[in-house]
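So, here's a batch of structures to check.
One chain, subunit A, appears in both complexes that follow, with subunit B as partner in the first and subunit C in the second.
And now, the complex of A and B:
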């Protein structure tokens, strides 16, 4: 049986497929022109889209606004950078980021999930702020300079290897990586566990009466979001060769929230489109004026007032209707 | 015994005095924030930018020759219509959605971004420092204290007292508290709730502007000046209890003293994590804060 949630997920899958095709065309054009800059920019857009994806899992499906998702993004980036400086292995770096994010996510989730609503937003904000200040002041982590000199690595698959220095290769790798994260999140949210999260968002008091535990699903959702943010962050030092405490700052968390809201809350794919849109906007507006925040801020406010469901709130329902018609006929 | 007194006079007391000045500054910023939350149930993420706006207006008007003492009155008055328009034009548009907390938070966050960049556009990114309106310094129990900072401490206390007086002892304040407690009941009793809401937002914003005028001579004026204070102000509002005036005062003094005294014993760079840590622990064990909300008991 296909219900509304599964159908909307399928609509999201179609939109992701369109995004992948567009990205492949972009990569081919980039390689043909011998471009480096735009391919690297695109890679960065995808990495931050991964962070936005983690915000959407919390905001769109569990109904919790995290203002501190940069904590896990930065955590992944720092762990990955530290591991890469010891041993230049992609698998070791992402594995370490995954493990640390699960532990820190469990602790953070335990703290943050004690409160709801606006207090949740503020507690996540506070935790990220504490972490940012600690990193900023720790000499061993490079303090305000961050960690510089992360080596170029070969991502080894056994049968083939991709260099993180190759613009097109690493772009395609990042694309695949983020699509896998998306697929994982989309699959999970379509399972009974995901439906439980949506039920929690709709009415948390009623869920226990239906015989479900509310504490564990909440904690798991928080941990999954933490892991996705950390894994996205783990790619950052591979792309840029450094990490800086700015990755942990509120502006990073805030940007992720802007991305999700303009892209479309609760669609998952909105985070990916939003990330690309925002990066595109920044580089286009940024080429005219350095005050691109005015433009982005106004657009964001416009989206909050006039488009509360975001960009995908317009596009996805149309695809859903198309899918519904197909299934009937 | 005498070493203890000397320790107090030369080490502890000056540090506590510095903390007190900062405390008054934070209280002034947090006061508007807590009123807006207590009444409208809105987290004003752009509050720091309104604080900066007050400072920038004062700077601009000061440069055409208006005296500081006039600005202290004029700037908050100028901020009132700004706040009123922002509430009616922007916040009311998303105020009635089911996820009010999130949407208003996002909206004011966007507004803050725009304002901060606009300041940079108009005034440039570099810090500007207005002249100190009161020169000189005095000795307080053997501690050197610039006169303007003494004025700030006294003036801050007067402002807090006036605000508390308006909220708790006037007919206007009663209407505000009634609207905060039960919007529909207040409206049915003839309280113009729409105007009370917009007015309260304007009042909170005007307080931020006043803080901007008063603090500019000490902490300089620059586009991101709001950020430095807003974190601390949020912490104070949360620890004190969102919407509580007494909470802001107690938490503001307490936290800045913790910050000031702890920086004697450990590196001052760790004082921020300590304060935020207190906020996180407070949110965990007592999310409603030390005191209750405005209009609620």
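And now, the complex of A and C:
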């Protein structure tokens, strides 16, 4: 017997499958046209979609608005860049980003989870600001210039290798990577542990009376989100060959929240579609006007007013109904 | 002699200058219905808040099966077998009826099930079906709680408290705002619970209190005014002046 929450998650899977197929077609067209620009833009979109995914785990499933998720994204990017400059190994870079994100996420989560609501948002914002300032002022991290000259790497699977410089190859690799992060999050959120997070969002005060501690699950959710943000960030220097303090700025955190809200809060897949939409918009609008932030801001306001449940808030229920009918018959 | 399943000794708490609970002691017999009555503001809900760990007590002890559980958090008390419902419906309103019950029943599963898909939690899911049946909510299982009628929400409130198979169940005015028919059904249900659960009940409907309770505790201005069988309490002159008296 599949319940409504599992059915919604399955509807998200279908939408992710559609996205994957569209991405494959996009890659084929890109390769056929010898394109580099759009494939690399698509790769960047997917990387920021990974960051948005981590925001949705907190906002859409645990009821926590993080305004500082860039902290972990930037952390992952810098750790990855530093490791790659020493040893050009994908596994070492992502492994290090994962480890550091777990530790920093545990500390950050411990601090931020002492408060709720708007105070949680402000603390996450504050922690990211502090981290950004520290990076900005640290010579060893390139200060305001960031770290440049991250080498091109071969991502080695033993049986095959993908170069981070291959537009289509690295696009497809990033697609697989982000889909795995999605699958991991989607799996966790449909377990009793994940349902406990949903319960915390729905009515935190009742949860202790069901026999559950509320501190640990909230901390775990925060750490999982930190890890997903950091792993996404770890791909950034592989794509761009550099990292800069802007990755930790509020604009990065804020964009991730906008991405989730436009895509559909509490759907996971909304973060992916939203991430692609926003990156595309920024690029297209940015080629016409320098004031692309104004356009994005206006579009965001429009989305909140006219599509309060986001893009997926409209599309996904239709798929859920289809699944419900299919299960009955 | 075995220890009473639940015992409170000298419980006290103040809010500002108000002594909301003032040195209250009593023991609850196993698998019986003990009802707490008293006028509005007497401190009945506050008493439940102290026992269930929702509000920390300023003084006194809470013992479960003779073991001291004073100052324990609600989740630890739940593990010790004590569950409660709320006077003001306190559910997961945006989630379905079945999911509310499943969340509460999940505690019956071993820890390792926490990271398996929810569909694998057979014990919890069986418990959900059983409770839906028992509380006559099967047809509403897929409905969000916010869409239920008031009476259905009150029934679910009790069912959620019961889902984790507690040995002590604290019910704070479960029939509040229910129709007569629903109230009678709920009374019947509470009576049937007492075969394997110890029930501590807060109830305003005197007819129901008289028919349902094995023991009645009367609260007045934060103090325990009287305790005894329904008949004895009804005949108590102090109780009559404090509670029934103004009728």
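Just so it is clear, the second predicted complex is superposed on the first by the 329 of 329 C-alpha atoms of A that agree within 3 Å, B and C clash if a C-alpha of one lies under 4 Å from a C-alpha of the other, contacts with A are read in each partner's own complex, and residues count from 1 in each chain.
Throughout what follows, contacts are C-beta pairs under 8 Å (C-beta built on N, C-alpha and C of every residue); 3 or more make two chains touch, one makes a residue touch a chain.
All values reported here derive from a predicted model rather than from experimental measurement.
Peer 1: Sharing subunit A, do subunit B and subunit C clash or fit in the superposition?
Peer 2: fit
Peer 1: Based on the superposed arrangement, let me know which partner A:254 touches: subunit B (first), subunit C (second), both, or neither?
Peer 2: Only subunit B is touched by A:254; subunit C is not.
Peer 1: Which partner does A:27 contact after superposing on A: first (subunit B), second (subunit C), both, neither?
Peer 2: A:27 sits against neither subunit B nor subunit C.
Peer 1: After lining up the shared chain so the two structures overlap, which partner does A:2 touch, if you call subunit B first and subunit C second: first, second, both or neither?
Peer 2: Touch status of A:2: second partner only.
Peer 1: Using the superposed model, determine the angle subunit B, subunit A, subunit C defined by their C-alpha centres, to the nearest 10 degrees.
Peer 2: 80
Peer 1: Output check: A:206 vs subunit B and subunit C. Expected answer is one of first, second, both, neither. What do you get?
Peer 2: second
Peer 1: Who touches more of subunit A, subunit B or subunit C?
Peer 2: B
Peer 1: Just checking: does A:278 make contact with subunit B only, subunit C only, both, or neither of them? Give me first, second, both or neither.
Peer 2: neither
Peer 1: Go through the superposed model and pick first if A:190 touches only subunit B, second if only subunit C, both, or neither.
Peer 2: second
Peer 1: Taking the superposition as given, does A:301 touch the first partner, subunit B, the second, subunit C, both, or neither?
Peer 2: The answer is first: A:301 touches subunit B but not subunit C.
Peer 1: After the two structures are laid over each other on chain A, how near do the C-alpha atoms of subunit B and subunit C get, in Å?
Peer 2: 12
Peer 1: Report, in rising order, the residues of subunit A that make contact with subunit B in one complex and with subunit C in the other.
Peer 2: Overlap of subunit B and subunit C footprints on subunit A: empty.
Peer 1: Given the complex with subunit A, which residues does subunit C contribute to the contact?
Peer 2: 52-54, 73-75, 78-79, 83-84, 90-96, 98-99, 102-104, 106-107, 109, 113-119, 121, 124-125, 142, 160-161, 163-164
Peer 1: Using the touch rule from the top, collect the residues of subunit A that touch subunit B in their complex.
Peer 2: Touch list, subunit A to subunit B: 59, 63, 65, 111, 114-115, 117-119, 121-123, 125-127, 129-130, 133-134, 136-137, 254, 257-258, 261, 291-294, 296-298, 300-301, 304-305, 308.
Peer 1: Show me the residue ranges of subunit B that touch subunit A in the complex, using the header's touch definition.
Peer 2: Against subunit A, the touching part of subunit B is residues 43, 90, 93-94, 97, 99, 101-103, 105-107, 109-114, 116-118, 120-121, 231, 234-235, 238, 267, 269-270, 272-273, 276-277, 279-280, 283-284, 287.
Peer 1: State the interface residues of subunit A toward subunit C in the complex, per the touch definition above.
Peer 2: Those residues of subunit A that touch subunit C are 1-6, 187-188, 190-193, 195-196, 198-199, 202-203, 205-206, 208-213.
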